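Dropping a structure here in structure tokens format, bear with me for questions.
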């Protein structure tokens, strides 16, 4: 039943984010801000992106976050920040996430990597996290 | 000394590939095929890509391969095959690599993911590897 | 229920393709070729890509095919052929599809447009279709 | 004669935009802001982009706007806003344009689609337009 | 007059390519192969791409070819070969073109650069050209 | 020795930028701002990007800057500004850099070119530079 997929998505989301008073899905954007123009968007995000795909066996959460971050670095889309925050939630260390971005330099070039480091740095600062070198 | 970086690169390469009679770097392309037009290319690949970046602490080899595969899936470049083979060498399971590509569907779309699955499937067949589902 | 989404996907697919003796989804690739490595892929394609998204109200099938073709032209992925064939199935004329690709020249540049025209030309030839100019 | 192409471009532009006291081409950017560094740019935009390509038979204006929006969503370039506004001018409904962006999710991924929805939402708000769902 | 732009385009093309018995525009693809589906394409290529843009003052031919090659390397489109050949025609040395591709490594990553070197190498071999290192 | 590559990188940087009281590498970003999260980044930038690649023979500095700008225009990354400034430092004229961006229109489309012209225009204004047309 659809409800099971939706619940599966919510359950997975709760492993990736912490709800707060403002937002039941914490820092994770599930498209609720677009309810006025695309009311079915968040349903697709929760059911498919999280319920079907993110909850899929094969990789653990930390591997999944690294996978997502890598693709976003290659794309240059602004969602990098959100997923670095997710990384912190699932237990990726800042060193692992910086290591992921640095590792991408030979594949995506320095500009995309530096743009990603800027996003990561912002998330670390906002969350009082430092990197051990 | 440059020689240390080169050796560091070779040492890292030997964790990622198996030399054979045809090629000292096994399945891994380090640009030797372009010696006639860019003789310094393989030096940069071995010293920088492998010696500096791939050997960098922060992520382990399996995380690094997932990171690389993810970026290449997003880019759609043909090097995906080479890095899926590397994944097998460092101990990523086929399920982990398929999981990585499937995980990318919500971020890069189905076409790029299916093109990557095609590459992975080819490598699995060539290497007598099956996926447990 | 999941079965309804799957059926909704199949029903939409039948508007876009013609089944033949080799393939129940005709020319449309739903990922069945990857059953051995990702058995859940075709379920996601049928249920989400076709059942949820392609069946979504808002655009008619001809508009949807133009939308898909345009994105693939911008991306440069090989799936352009498959969707040009789909265009013929849903009643887009060759002039409309060539018009779509030509229209993209100022946005994606000539190389990507010419690569797409090559794909379209191949589909037209295979399907005995000519363009009226 | 060049003048015919320029006029053809202007005539097409007038189907896509409404002149106002600030700008003879209304919301449509034809590169006039770069007159000081590339004085021939707007001529190329008007003559080629609009006079040759946008005025080309094969697709109607609504189809052309959907085509353009789709490519820009795939690219992730900021010009999406401008073309959503154009969509409103030529009679595409907000539902059709949201439908176009939603349709792209399986091809370009959720991040690029959400970034595009943000642009569309902004244009709808600025123009007092709501979406019927 | 249109005829002047077309002639300007042909004149510029003759600086970039050598006509042969098979093709009046030599190795340069101006879209003639698509006459059956888009008869106006080659006119746009000759008049706009070559007559307006390629003939534009500001850069000399060698700079223009380097500019084009660089963008195609970043894009990963197959037209790289055609423009490396053009580079040879306008007097760029193989060292300059290899230098261009090598220079892009820090900006586009090794995979895209290696794919471009493969294209350049093929053109050099076909044209009996060697690189001095 | 590593020190020679670092010095080679610094020496090349000094051809491309002018140190000021705030920054020893002037307008050129070598990743120093990320010292807290990736202390080895600037070493890689200086040694590899500038010491190995930018200092490589084959192209002169002006050709190298055009090459870099072209790739960044194709990518749409924000580093375009930095390299237009570098162009001014090495003696590229504003006409040459505008010519480079305009030349890319048929390859990358108008949106990416206009976004790049915006960056160039900003740099020209900040540096009191005008374009002769």
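As written, the chains take the letters A, B, C, D, E and F, and residue 1 is the first residue of each chain.
The criterion applied here is as follows: contacts are C-beta pairs under 8 Å (C-beta built on N, C-alpha and C of every residue); 3 or more make two chains touch, one makes a residue touch a chain.
Quick caveat, the model's predicted, so the values are computed rather than measured.
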* Distance in touch steps, counted as few as possible, from chain B out to chain F -> 1
* To do: Based on which chains touch which, give the shortest step count from chain A to chain F.
  => 1
* Asked: Over half of the interface residue numbers used by both chain B and chain D, so same, or under half, so different?
  -> same
* **Pair joined by the larger number of C-beta contacts - A-D, E-F** => E-F
* Structure fact -> Whole-angstrom distance, CA centroid of chain C to CA centroid of chain E, is 31
* chain D-chain E separation of Cα centroids, rounded to whole Å -> 30
* Once you find the CA centre of chain A and the CA centre of chain B, what distance in Å lies between them? -> 24
* Asked: How many angstrom between the C-alpha centroids of chain E and chain A?
  -> 41
* Among the residues of chain A, pick out those that touch two or more other chains and give their numbers. => 40, 44, 48-49, 53, 56, 72, 75-76, 98, 102, 105-108, 110-111
* Could you classify the connectivity of these chains, where an edge means two chains touch, as line, ring, star, complete or other? => complete
* **Complex contact set, residues of chain B against chain D** => 105-111
* Of all residues in chain A, those that touch chain C in their complex -> 1-2, 5, 40, 44, 48, 52-53, 56
* Structure fact -> Residue set of chain B touching chain E in the complex reads 29, 31, 33-34, 36-41, 44-45, 49, 72, 75-79
* For the complex, which residues does chain C have touching chain E? -> 76, 94, 98, 101-102, 105, 110-112, 114-115, 117-118, 120-121, 124, 130-131, 133
* Residues of chain C touching chain D in the complex -> 48-49, 53-54, 56-59, 63-64, 66-68, 70-75, 95-96, 98-100, 102-108
